[in-house]
Amino acid sequence: MSTADLGFARVDLDREHRQGLPEVVYGPGKTPAQIAAIVRTLLAHNTGPVLVTRVDEEPARAVLAEVPGGRYAPGARLLVWRPASATAFTVAVAAAGTSDGPVADEAAEVAAAIGLDVRTVIDVGVAGIHRLLAETERLREADAVIVVAGKEGALASAVGGLVACPVIAVPTSTGYGAGLEGVTALLAMHASCAAGITVVNIDSGFGAAMAAFRLAHVLRRPR
Amino acid sequence: MSTADLGFARVDLDREHRQGLPEVVYGPGKTPAQIAAIVRTLLAHNTGPVLVTRVDEEPARAVLAEVPGGRYAPGARLLVWRPASATAFTVAVAAAGTSDGPVADEAAEVAAAIGLDVRTVIDVGVAGIHRLLAETERLREADAVIVVAGKEGALASAVGGLVACPVIAVPTSTGYGAGLEGVTALLAMHASCAAGITVVNIDSGFGAAMAAFRLAHVLRRPR
Amino acid sequence: MSTADLGFARVDLDREHRQGLPEVVYGPGKTPAQIAAIVRTLLAHNTGPVLVTRVDEEPARAVLAEVPGGRYAPGARLLVWRPASATAFTVAVAAAGTSDGPVADEAAEVAAAIGLDVRTVIDVGVAGIHRLLAETERLREADAVIVVAGKEGALASAVGGLVACPVIAVPTSTGYGAGLEGVTALLAMHASCAAGITVVNIDSGFGAAMAAFRLAHVLRRPR
Amino acid sequence: MSTADLGFARVDLDREHRQGLPEVVYGPGKTPAQIAAIVRTLLAHNTGPVLVTRVDEEPARAVLAEVPGGRYAPGARLLVWRPASATAFTVAVAAAGTSDGPVADEAAEVAAAIGLDVRTVIDVGVAGIHRLLAETERLREADAVIVVAGKEGALASAVGGLVACPVIAVPTSTGYGAGLEGVTALLAMHASCAAGITVVNIDSGFGAAMAAFRLAHVLRRPR
Amino acid sequence: MSTADLGFARVDLDREHRQGLPEVVYGPGKTPAQIAAIVRTLLAHNTGPVLVTRVDEEPARAVLAEVPGGRYAPGARLLVWRPASATAFTVAVAAAGTSDGPVADEAAEVAAAIGLDVRTVIDVGVAGIHRLLAETERLREADAVIVVAGKEGALASAVGGLVACPVIAVPTSTGYGAGLEGVTALLAMHASCAAGITVVNIDSGFGAAMAAFRLAHVLRRPR
Amino acid sequence: MSTADLGFARVDLDREHRQGLPEVVYGPGKTPAQIAAIVRTLLAHNTGPVLVTRVDEEPARAVLAEVPGGRYAPGARLLVWRPASATAFTVAVAAAGTSDGPVADEAAEVAAAIGLDVRTVIDVGVAGIHRLLAETERLREADAVIVVAGKEGALASAVGGLVACPVIAVPTSTGYGAGLEGVTALLAMHASCAAGITVVNIDSGFGAAMAAFRLAHVLRRPR
Amino acid sequence: MSTADLGFARVDLDREHRQGLPEVVYGPGKTPAQIAAIVRTLLAHNTGPVLVTRVDEEPARAVLAEVPGGRYAPGARLLVWRPASATAFTVAVAAAGTSDGPVADEAAEVAAAIGLDVRTVIDVGVAGIHRLLAETERLREADAVIVVAGKEGALASAVGGLVACPVIAVPTSTGYGAGLEGVTALLAMHASCAAGITVVNIDSGFGAAMAAFRLAHVLRRPR
Amino acid sequence: MSTADLGFARVDLDREHRQGLPEVVYGPGKTPAQIAAIVRTLLAHNTGPVLVTRVDEEPARAVLAEVPGGRYAPGARLLVWRPASATAFTVAVAAAGTSDGPVADEAAEVAAAIGLDVRTVIDVGVAGIHRLLAETERLREADAVIVVAGKEGALASAVGGLVACPVIAVPTSTGYGAGLEGVTALLAMHASCAAGITVVNIDSGFGAAMAAFRLAHVLRRPR
């Protein structure tokens, strides 16, 4: 196994090759200089996309100044270099409410950057069920649906009952009080009455996109 | 204030008159003899219905042997003497799944015993949203809807978005794991994206029926 | 179903007509420009009141500058356009302590804006039970009582034992330590020994007012 | 320090003398033979009362057969040898509901056995506030009030606002759902709006009685 | 939508057709007679497999006596009629320890019954990492890996770092103390450092198998 | 009952007379002008001490400018007017560590202001048990001991085993991680192996002082 | 790596050699026949001690009948074959109260079986601090101290402040109410004011003994 | 016992001598002047190292200006005077990810300052298991391993299965959502499937280093 020792971090240089997943760096707690060093190393030793998540605008600009060729998506707080070209795997990102927007953006932008074909469906919360039903066909056409919902997270159950493809639920920390910063939505999605839906961490649009990538990866296998 | 001191309990004899709510005795932790004594006292000093909740079949039979004239509803585990005659207030009891049945039964039987006009709608969980939509009109005709749901409790949000009348949500302790014995459903119902729905204690079909009674009480006021 | 797609949100244009509930926008996470766009759309396509909750003074002023004709209630942090004219449905808002004031204000202002007749009763916490008892008659005259209380939330039980009309309890996040940011009051209100009281989310004066609106809605139905 | 080593336990023989508190053995997890051995040792080396808490009827009879002269109080599940003679310190035990009875019994029986003058007040839950108010004078005459209440525990706040003497609140594990086996009552009693009330462990009638004994102990000091 | 009303349940008769997922009945809380009635109805109106989960041996035998043609898998506590023929979609079920066996069995038996090609890998807990590494190739050949692990659930992270295909983690309620009946494993799997793994409810071998079925479903789509 | 309505608050004017407890205003959430108005009203209608807790230096100075004659104790964040003269009731305030200082200060300053004789004992945490033992006599001479301790709160158990007088434990929110902002100390103090110790809310030096006042109040009764 | 596949388990045959830790089988969830098969395999392929934890008397007798040469310790619920001969590493097991006995027994019996020199110190809870101080020298002579304590777990802090050797704290699930089945003691031991004490899982006498073994292992290394 | 009373703190002057542990001051909540006074006192009365933890750069500089001769380690936020000379006891500090760096730094710097021989191993999280395996030999050579890991904390289990020496796990509050500020990692490490690993408080690099010191202390004892 080959690694690059940057002092503050030891970068795994052949994960892309060994495991086949794209390289995504978690931004918080790293300085722009540290992020730049890691990104530069990954770009030099791999051939696929390189992403950095959860970066605010100012440090993002500092990183881009050091490592040109990247793009910053402010809504998703995401940095991307060498985005993958789109494949035939379609993932729908369905968000319950406006305040779930940033997490849905992260899911959509990461998914697009690693080569998935993304379609976004917003404001389809269960309290106005007709808006969701009007989108049923678009959701059914997708190869996977990422459901982004805070508060009580009921959208995951409703979507799980409408489509047969994989449903990846992302609880968000929106709302207040009994929402317990997303813990209630996370637990509720697990207790869901819909069969076979899966859940990722609170606010992890990134995690949902990577889970979708794993599906696409299997779909591309020769059969 | 007049009370009857039974040694193990002090029975409030004019609550019915003073406050206007029916008398309901909480069964657990009381012997059949104690229940019988309390019921007999209430029947003697009041004129309305007398109920005992959460009584298993065997002790219920023992109480009925001592205080005749009552009826036992085994599904709801409820004892009733002098049920009220039905009024024009209609309450719909909507249950998400089969395992929510006992709690829905308690809500329906208590509501009927205290004079509400009850209609029951079962198996309308959000994962099969069409079953719920098929019942929309019946729910909209009701003066109040009691929603009984465990697991993630999403039915409360969906119903809250369909009807304009009061929605009283009862989380149930059904399900397993992340359902946390009903705590997840309770929190989720509070965090719901539907506006103005209210919640009662876990498994409290009784509480929901009493909340509906309070609505009916106000409706009957001279205007 | 007709909706207006604003890019960042999809506004449901016939909920007022379809469901009969007033339109209330949740402010947090939206820019003044986004709020203004949604409000403008709702005012154009509906005929009833339009509200925005949880808006601080500065953004509120910015919104009002873009969409004239509204009013800002700073204590309740509420924006209102086209308030409904008052109906005969009386709701009492009872607050346990001074620190519950902002939540009680939200409940009272929302209720008034959507057409309910509001009376406010303050500083009636259970530790000074005589202040509550002195208000019993005023509370009994109301068609519904909204109880706003933090800390241990005991006021809900006491009021629930005094009146026969619907009681809607709002736990608040006031207090410290064992109050757990309102979670203790929420749980305590659910575990209450008073029969048939209902509970809404922590600090949700808005939710309580909407729950009262649902009651008033049913009361207005032709019989 | 002198101790007696019984193999399975090491009995502190001069705590009564050193600290001045009566000797109380916690029953659960000990066999009748072990309990008998400990009690016999304590009776031999001390002069005051000896108590064993939380003992069911059958093992209690077995212990009494081995160590005569004791008394078993089945409601309180308490064994007592050499009860102290009553002093002038009056403690009122106020219980919210019938199901709080066993804990109130433990508090009252332990208090009486260690020499306090006990008066019991039952069924004074906050949902029927007039029953409590009718007892105000009796509570005010006491030197300390032990409040036993489960569910939401609101009785502690109400009593705390009525009397000026020490209030010792005992949360009980009665009720269901949101009561969380007494944890809600415990937290609520701590968050109480009444000033200067104190709290002991869930269901610990014993703890409350010992806390009252400490008060009486100080009162007896020469001044 | 066509349904069959059995009194105690309303059976959705065209979900299989409408949504494409197999029919699985949740056993707990239903009598053998109720289960038999539901299964008979589903067998009559659908063409695919019919399953009942979490049934103990004795009631299972009673159901089979009423509805012949089924098979009972005691380790998985599963009843199956008309199992699907195997497809080319391979799912590996990896269990951390012996005590995770029953949940792994449920996952494997459900997956096999609904037509997936299952391979089982046991005793590969992270504390003996070499056992896991020895199985890497077998895991990498699978189209999806179901990871069944209780205690700290670390196996999910380790597998997530070894394979590129979808990883569905099932926390189990094995272990004691800090494991908190599976809640710790559930939270830990969500907080995992491995990207793109997804999680289902505690002990839900069924949920994991259904999630894998959704993957296989998409794979079979014409492209 | 006589009250003064200040618009934002309704001040109870005869609690001091009716109940006998001193008047203490909770500062947070009130403006200096509001605090000044309440204090002025209380000073005018009562004769005893008036206190305001949890006030920062700047607003405290503003209040004192409006209502002269008071004193500000910055360590305790307390405002006091008309402190009571000292009585013969001695309360020892024992603090486990330096970081428990502010809560111990609040307890000591409030106790002194309402007429108790206070002695302070610092840095007697259980990890250096000899420092505690060296203070045993001073603690035993007190009429009550207030134990202030965060982290694991073990000091309450140790003191409870050394003295026979009332022990009032105050958990503090000091420490980090597993201390859970004082919740761990609160629970630990309740679970304590020492008999008859009582507990007040997290960080509530005020509550402990008031509990001690109640003891002193009883001691002063004519016998 | 060599393993033995028993069907229901895959036994790691060279862990003893590879890692140097003794083989301990976790009993719960395994039948006597399964336990016997695993033990027989381990005895055949290794040379050190073989233990099985948490086995009740009846199944233990069944296992011993199949695999002779072992010994059952009923207090510790432990099965042992080929116990190691004692080394010079001394571990003191200090238990707070009688109800902590079974966990202390497990720690002591496991430690002895894997070759440590064990001394037991019982009934040294913090509420009677003199009993602990009387044992200080014995504790200081040990090479490690295992502290077994439930309720508030304060003994760990006190011992941590008395000795300089490693302290391994075992929280137990004894006590009731606020003890939360050992979770309170676990958190309290972590929040402890004593520096450098470590903690193992609730009730895990086994874990503590193994932690002590790791210390002894290092001590035996050639230097 | 000799102590120095500084007014705000009482410094224990012979703990170093009495117990043998180095003196470490907890910084938070103390002013630079207070820290300086304590450090000066300890330097004057003891002969070993003096440390202050969790001090930010600015106050640290202020303290150093008052008490010269010390050193500030900014990554670890640690102040050190009179570091001990290195001994032959080797402790490896293994950190799972970059964001665990500050806690690992605290562990390493404290350990070095109190005389342990430290080696650091970074970025060996379980999701890239090969990086950990590549370090196995270095870890096995150590006398103790401190494992620093947040999120799901799985590294502790993996290391516990690789080495036979003591493993001290430090959960960190890194990550988000389901990590619950380190509580998930803490619980997961306790529930670990690896035998005999021990755990310290969340983010307590200091606690882990002190635990290692206790090991080294025993190792140095004459045998």
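Every chain is named by a letter (A, B, C, D, E, F, G and H) in the order it is written, and numbering of its residues begins at 1.
To be clear about the criterion, contacts are C-beta pairs under 8 Å (C-beta built on N, C-alpha and C of every residue); 3 or more make two chains touch, one makes a residue touch a chain.
In UniProt terms, the chains line up like this: A, B, C, D, E, F, G, H = NCAIR mutase (PurE)-related protein.
Because the structure is predicted, anything quoted here is derived from the model rather than measured.
Colleague: How many links in the shortest chain of touching chains run from chain E to chain F?
Modeller: 2
Colleague: Look at interface B-D and say which pair in D-G, A-B or E-H is its repeat, using the rule that over half of the contact pairs are identical by residue number.
Modeller: The same interface as B-D is formed by D-G.
Colleague: Under the over-half criterion for shared residue numbers, do copies chain D and chain G use the same patch or different patches to meet?
Modeller: Under half of the interface numbering overlaps between copies: different.
Colleague: Could you state the distance in Å from the CA-based centre of chain D to that of chain F?
Modeller: 26
Colleague: Please compute the C-alpha centroid of chain C, do the same for chain E, then give the distance between them in whole Å.
Modeller: Distance between chain centres: 44 Å.
Colleague: Per the centroid of Cα atoms for each chain, what is the distance between chain A and chain D, given in Å?
Modeller: From the centre of chain A to the centre of chain D is 57 Å.
Colleague: Touching two or more other chains, which residues of chain A qualify?
Modeller: 97, 128, 161-162, 177-180, 186, 190-192, 195, 201-202
Colleague: Any two chains that touch count here, so list every such pair.
Modeller: The complete list of chain pairs in contact reads A-B, A-C, A-E, A-H, B-C, B-D, B-E, C-D, C-F, D-F, D-G, E-G, E-H, F-G, F-H, G-H.
Colleague: State the interface residues of chain E toward chain H in the complex, per the touch definition above.
Modeller: Its residues touching chain H are 96-97, 125-129, 133, 150-154, 156-158, 160-162, 175, 177-180, 184-195.
Colleague: Please give the residue numbers of chain D that touch chain B in the complex, ascending.
Modeller: Per the stated touch rule, the residues are 97-99, 101, 122-123, 128, 130-131, 134, 174, 176-180.
Colleague: Going by the contact rule at the top, pick out the chain D residues touching chain G in the complex.
Modeller: 1, 3, 8-10, 12, 15, 26, 28-30, 34, 171, 173, 182-183, 186, 201-204
Colleague: Could you pull out which chain D residues touch chain F in their complex?
Modeller: It is residues 19-21, 24, 88, 143-144, 161-168, 186, 190-192, 195-202, 206-207, 209-215, 217-219, 221, 223 of chain D that touch chain F.
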